[in-house]
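What follows is a short report on a single structure.
To keep things simple, chains are lettered A, B, C and D as they appear, and every chain counts its residues starting from 1.
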């Protein structure tokens, strides 16, 4: 399963992430996806915090999440990540969450880079991603 | 603007919701949308926590969020909500976020009701929503 | 009750703040206290985000929280705030949470101001707080 | 350093935990401490979620946190945990956070167990903790 993805990251559910239904709250899945993206950025040689210090803000422009199953207390799970270019300015991350080999969530996160208030062409980032070795 | 929506709820950005870019973190918008949905439920005569106690769990099946602008420190904003039926079992909430009359986020949240592990037809909920008077 | 406090702020519990016990998670009370402090700062003429832009970071040095009761779904509550100086460099906020006139939490939050990596004497802030009219 | 503690747990800072000052928000440290406590519970043979299902709710009665340093983006850190009995009904957790061997936070978390609305004597839990082998 993990072979289908360029980058994967393992997680454990933390009890404070559960809501009164005893399942991980919807918004928390975006936290998981963000953390996996930022780790992939870092593994590629970029860095979310350093980009910000350089005046470049990576922002999310669109999110699509399909919730298939719920994560519960004590679950271990992993996030798989692939990416593709979307037009000249956007990078789309295909990010899925699995508990073992059971699909929990299918996600698509579109991002853009902003500098001085305007969208920039993310060639530098794309080059880093292309050079990334699994 | 607010006239276009069946239900609206006012919010203020809280500083702990901002990330290091000084903008509200992506995942927090789902918190805003959830709180507005649950308030609409309550205003309609239903209640998320009581439904859970009755063994009915309202769950999110799909989320689509288009981020247009970012909310920042000290912003006031509001969430507008409409709803529509999606097939026999799902209810879709059209939920948009505005700062004054500036569109911040356009959201679509698909939900279903689960009882005893199976999806139920939410006629009872739909009736409450249909009877809701603005 | 509110008369005992220099500044108060009203809140509603949001369902995403509850954990699987159906009560507001411990850490969330610190969010409530922070939001009330920052609103008091703003009402006094200061601003957490602007202070940061000026190179002054208000940081928490110590927190004491006594949990008396739990907040649950649909609760409305308020935070009351008083302050006092603590030595030359610290400001202590006495912050209590009430549901109506029932005490929920008694809190004490010690803060300091950092500039260029060093602690500064917060006379400017203290002056604003002293001039604050309820 | 880790030798001074009965139980330790490793963490990485996640970017969504940072606030606009670029440091981990105060309330998030309580999340870290809670997750470490619940993992210790689990390692001892108890389980926060299962306790709740059995009608026993472990709740926090008092928190004392001394913030020494701030965690920032990309930091790795660990939580060390010891425990002691506090009177007949409370268990106090001494929980410290370190980045390498640099002290970040010194914490004390007092807890009690509630069943049928009343505080119970946590002998069962204490026995599990006493039997815990590092």
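Criterion: contacts are C-beta pairs under 8 Å (C-beta built on N, C-alpha and C of every residue); 3 or more make two chains touch, one makes a residue touch a chain.
Keep in mind the model is a prediction, meaning the values are calculated, not measured.
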Smallest number of contact steps required from subunit B to reach subunit C: 1
Reference subunit A; chain at largest CA-centroid distance: C
Mean-CA-position distance for subunit D and subunit B (Å): 33
Centre distance in Å when subunit A and subunit B are each reduced to the mean of their C-alpha atoms: 23
Per-residue multi-chain contacts in subunit A, two or more chains: 15-16, 18, 20-22, 25, 27, 31, 34, 49, 73
In the complex with subunit A, residue positions of subunit C that touch it: 15-16, 18-22, 25, 27, 73
In the complex, subunit A residues that touch subunit D: 14-16, 18, 22, 31, 34-35, 38, 42, 47-49, 72-74
Interface residues, subunit A side, partner subunit B - complex: 20-21, 23, 25-28, 30-31, 34, 49, 52, 57, 59-67, 70
